[in-house]
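Structures incoming, each one as structure tokens.
One chain, subunit A, links the two complexes that follow: it is found with subunit B in the first and with subunit C in the second.
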Partner chain A sequence: MKQRIIIGIALLLLLVVIGFMVWDFFLSRPEGAANPYAYDLSELKKSDTALNRYEEALQFTPGLEEIHGIAVDPAGRIFVAGKNGVKVFDDSGKLLRKFKFDGYADCITLGLFGNILLGMGDHVEIYSAEGKLLEKWKPANSESVITSIAATGLFVFVADAGAKVVYRYDHSGKLFNRIGEKDPENRIPGFIIPSPYFDVCIGKKGELWVANTGRHELEQFSPDGRLVTSWGVASMAIEGFAGCCNPSHFAILADGSFVTAEKGIERVKIYSPGGVLKCVVATPEQFEEGTKGLDLAVDPKGRLLVLDPVRNQVRIFVEKLKKK
Partner chain B sequence: MLNRRDFIQTLVRGSILAGLTLLTGALVYRSRKGGCESGFACGSCPKSDGCNLAEAKAFRQTVWQLDPAKCIQCGRCATNCVMSPSAVKCFHVYAMCGYCDLCGGYFKPETKDLTTAAEHQLCPTNAIKRKFVEDPFFEYSIDKPLCIGCGKCVKGCGAFGNGSLQLQIDHHLCQNCNECSIARSCPSEAFSRVPAGKPYLLKSFGKELLPDKKTTSG
Partner chain C sequence: MKERMKKLCWILLFTLVVVNGFAVQRFPKPEFETAYLQPQTHQPPPRAELLAVTDVVVLFLALAVTTWLVLKRRSRMGVFFMSLASLAYFGFYRQGCVCSIGAIQNVTLALFDHSFFIPLTVIAFFILPLIFTLFFGRTFCAGVCPFGALQDLVAFRPVKLGSRLNAVLGMIPYVYLGLAVLYAATGTDFIICRYDPFVGIFRFGASFGMFIFTGTLLLSGIFIARPYCRFLCPYGVLLNRTSRFSRKHLTITPAACIQCRLCENSCPYDAIDIPVTGKNPMDKQRRMRNLIFIILLVPVLVGIGGWTGARLHETLAGVNPKVRLASLVMHPESYAGMAEPFEITAFRSAGKPVAQLYAEASSVLGQFYTGGWILGGFLGLVFGLVIAGRMLARYNPDYVPNKGNCFSCGRCVDYCPVKATTNPPS
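Moving on to the complex of A and B:
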């Protein structure tokens, strides 16, 4: 009896060994083997914590697929645009209303009378505050890829990454001029837009700012298309913008400071009105690796709203001192 | 009391029994799957070249390829291919790329002088060539004999750029081994058999960026 037990155990062990060998030969995949060609990006993503003056105070899931655009109205209501719809939330993330449409909204801004302007691929659509389609503007160019819209009381500025220009319309959709169009005769180099990240914002004095992402600059233009000023430096360091197409998005604070979001090294920073780095809002550790398309908005309380399309969240950051 | 001789005999018999059981199980499994009696998968079957079974014919009409969407640039394409240098090469999807001067797949991070000096380049074998077009545009091309398929540039391009540099098996070089040694070690299972008539899996701008839109190029 004892012999049988021993033989049984031995056979069992043998089967275990055979099983292990089968797994090792045919099923296992080597993990953690050193890569002699490893390209470690982690060092690039570290930043000085002393610069980090913001913290995440709130986040909520808007309940839309493929969220790409965020805007805030003067009352602090948060508008989020995505696939097939727009949702409106109060400043605490409570859903107020929503409306649907067919298609993908890549960007959103608010126009006159609470109208909602959406960049729908190659054209702009305007909806009333209640979600009724009011206008559908014709694509200005067969190559159009609308990535951002900004509006003043008089004009609507539409960034077209496909044509690499900013269009100036009035609120009825009448096109006035193209800003930043390449013009070799007049030595205007045009915008360098290697990928569909091309943001526009209105400054505190109503001036137009454009992210020339291929040159890593923010540029200010007059309404007639004259370049007024620019700032920005290409660098992997925290002071600069790295890689292709950054800053991918930006927003402007009440004091004229710039909030910028980057891809590649995923981070959100604040620059002074003159383009000097003031502080970091969010570091790469706070985002999933490979996150792109962090649209930004600033609410009347000065809170920074970051639309995170990978986590599918609206993430709200506040200054640490203010929170205390 | 079991003596040593009996024990060894029992052990050998037991091993043979276990082996036979496994073999029988494999044969039963294979025969149920498609009538093959060899007990091998097509990829490792020594008779697959002359086999007339439908499964083997389909296998012969396919080739190995890696899916750039699954690739994690682990470096094994450079080290595990039976070819030297590897049959996996970097490909450049021109339709995607703006040919930026600051190409993250071309330059090492924090390079101050954006020149073609070897110490500034990310590629360990200087396989990426660039030609000035106009400020800030450069056209990039891959010197295939120099490329070892390490994927370093692919990682840089994906992290900082458009992801227009992608690894693919070059079918002018691939031996289409029955059992691809890179596929076996690929940690992300990016390798698969694809139809020989459509042997490349290069991706362009994905829907994750702009749904239903064409590409933009600089």
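Moving on to the complex of A and C:
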């Protein structure tokens, strides 16, 4: 009797095993199952709210299509470039003037005498403050995609995402040299630019900073193309730059701190001059999902201007303490 | 000239190695630093070629040593330690892959799909145990297969199942083998690997469901010794059939059997055939009647089996990814009210024409229709042979291991009081 019970139990267990195999293989595939390979960044988009020291103080719609570039002059006037035109606003968002042109401006900066430098696809165009076309520089490369321009009193630095290089011109359009090309002898790794986001900025001492997005770094170069220093870390965490290629844009504050904007995980952060995370300006929840191309500018009051091309807005962030 | 060629080869080899040494990444891989821990994959990394060759050498040596221990030394203890060593090497060190059992599928797929590359190692793992079995019986099961070794460790209280139950349960491996071959031949799935119960133990990681599955099997293995080997293992079917032709199979007694019956209950696998002597053979007329019945029955069973298999071809093909996708595309109402299945999303984004998908699915269904006939016919044949085996009793004067079912573990040897020197084999 006991033997039969044991055999019965053992057989039952064996049948459970076989039953599991049959059920799992033939029957356990529910229709409409969730995608196990879904690209889900929701967990990574969460961040520590204690780090968030900025808040949105103002926002306005520039009234341009496909806005890509923003710049601020020393008087605090805001220049926004987009499809077929540039508009100029005062610091409260009131329209001061505008001018038109044919085509798309991908980036904007201010040059000598209030001139406006625009990256127009493969070349640079210079307009007077009144909107008169002054110069149209020749494309430096047949594959050029101009994504950012930065100017000092002497030079104009033009970032070309197509050729993966930064050009140094004078204000008359004379090309001096190419910066950042791969040069193992001088320990220059070269720019890795997988997407058309390749920003340049001038630091507080007039030094050139370039976003090497594929390496998730900001690199400082001397005007003659020497790599001076770099910082940055690839990380999904808040301290680093996430995704294939970030930061997509950056700006530099008066104290030398860096403001960075990322795509993928949409966020704006501030780093110390040494590259240590100081605080968060805007978190992914404050942007539409999939927002790319958050161009940045800093005005003389220290306010951070974020150009949001999805909401078609200029969004101004201020430090919480300063606002109070 | 030969020497010069040799030098040239060495220089070429050296150059290739040095050139590779200068290679740099075209695009540096980002090293993300997050709190996220990468899950450990359960798949072992591919073996280096030298190690793969070593595996084959070790397999050959293990088979040779086990065969020597079984047939020459007749040492149960030796076989036991050999099986532990195999468990350590083929199980835990090699993480159970590639194994002879799973190799059935690789060989099948290579036979049906010429674009599928099958490494020589896999062929060796498939063929070597069969060759040894053909000459010496299932010594592979005794001391080389890590699955068997693991199950042997938990067989604390084995019970006898009886010949009828053994015969019924013994059909399952044939079904499993047939399905494994069908799904491998159609490129659908490797079901032996999917339901490999012990690989999770060897790799220290498996899904929760698989751990329960393995645990249940081992639990049943306390009472039913080696349940996987006896009632599931598809490779066991091949070994069983091959072993029946083995010339030098393990014998219980080294000399003439004295019918002491000491070995009768020694086998935990019910693999000892009791004597069928001249006192109890079936009468000649009845045997003839049975034989005619079997000769008529087997083709009928093959036909019924084949017909049934062909009728089931759509059910069998339902797990094929192409057929399943085509079915979902054809019947969107099947997921109405639910999120769109990700297969559909992926299919739509790929831009493949629906007509092409249907044509491919139809081709797969055709394969399953043919496969269903063959599978069903095969199972009908096996069923017929099982009935034949039970109806046609064979003359057998001594206690002997059943050549097909015996794992050559050598347990019965220890029970035999006959010494080789006292009575030379007849």
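We adopt the following convention: the second predicted complex is superposed on the first by the 279 of 324 C-alpha atoms of A that agree within 3 Å, B and C clash if a C-alpha of one lies under 4 Å from a C-alpha of the other, contacts with A are read in each partner's own complex, and residues count from 1 in each chain.
Following the convention adopted for this analysis, a residue touches a chain if its C-beta (ideal position, glycine included) is under 8 Å from a C-beta of that chain, and two chains touch if they have at least 3 such contacts.
Quick caveat: nothing in here was measured; it's all calculated off a predicted structure.
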Original post:
In this superposed model, does subunit C or subunit B come into contact with more residues of subunit A?
Top reply: B
Original post:
When the two structures are overlaid on chain A, which partner does A:R215 contact: first (subunit B), second (subunit C), both, or neither?
Top reply: both
Original post:
Of the two partner chains, subunit B (first) and subunit C (second), which one does A:Y104 touch, if any: first, second, both, or neither?
Top reply: first
Original post:
If you stack the two complexes on chain A, which partner ends up touching A:E56: first (subunit B), second (subunit C), both, or neither?
Top reply: neither
**OP:** For A:Y37, decide between first (touching subunit B), second (touching subunit C), both and neither.
**Re:** both
Original post:
For A:K292, is the partner it touches subunit B (first), subunit C (second), both, or none of the two (neither)?
Top reply: first
Original post:
A:L11 contacts which: subunit B (first), subunit C (second), both, neither?
Top reply: both
Original post:
Taking the superposition as given, does A:S195 touch the first partner, subunit B, the second, subunit C, both, or neither?
Top reply: first
**OP:** Give one of first, second, both or neither to describe whether A:M236 is in contact with subunit B, with subunit C, with both, or with none.
**Re:** both
Original post:
Just subunit B (first), just subunit C (second), both, or neither: which does A:E319 touch?
Top reply: neither
Original post:
Which parts of subunit A are in contact with subunit B and also with subunit C?
Top reply: 3, 6-7, 10-11, 14, 18, 29, 31, 33, 35-38, 44, 192, 214-216, 234-237, 242, 244
**OP:** Could you please specify the touching residues of subunit A with respect to subunit C in the complex?
**Re:** 3, 6-7, 9-11, 13-14, 16-18, 20-21, 24-26, 29, 31-38, 44, 192, 214-216, 233-237, 239-240, 242, 244
Subject >> Touching residues on subunit B, where the partner in the complex is subunit A >> reply: 1-2, 7, 10-11, 14-15, 18-19, 22, 73-76, 78-79, 97-100, 102-104, 109-110, 122, 124, 135-136, 150-152, 155-156, 158-162, 184-187, 189, 205, 208-214, 216-218
Original post:
Where on subunit A is subunit B touching in the complex?
Top reply: 3, 6-7, 10-11, 14-15, 18, 22, 29-31, 33, 35-39, 41, 44, 66, 83, 104, 106, 121-122, 143, 145, 161-162, 189, 192-196, 214-216, 234-237, 242-245, 264-265, 290, 292-293
**OP:** Mind listing the subunit C positions that touch subunit A in their complex?
**Re:** 27-28, 30-36, 157, 159, 161, 165, 169, 172, 189, 191, 194-195, 197, 209, 212-213, 216-217, 219-220, 222-224, 227, 231-232, 315, 318-319, 324, 328, 334-335, 338-342, 345
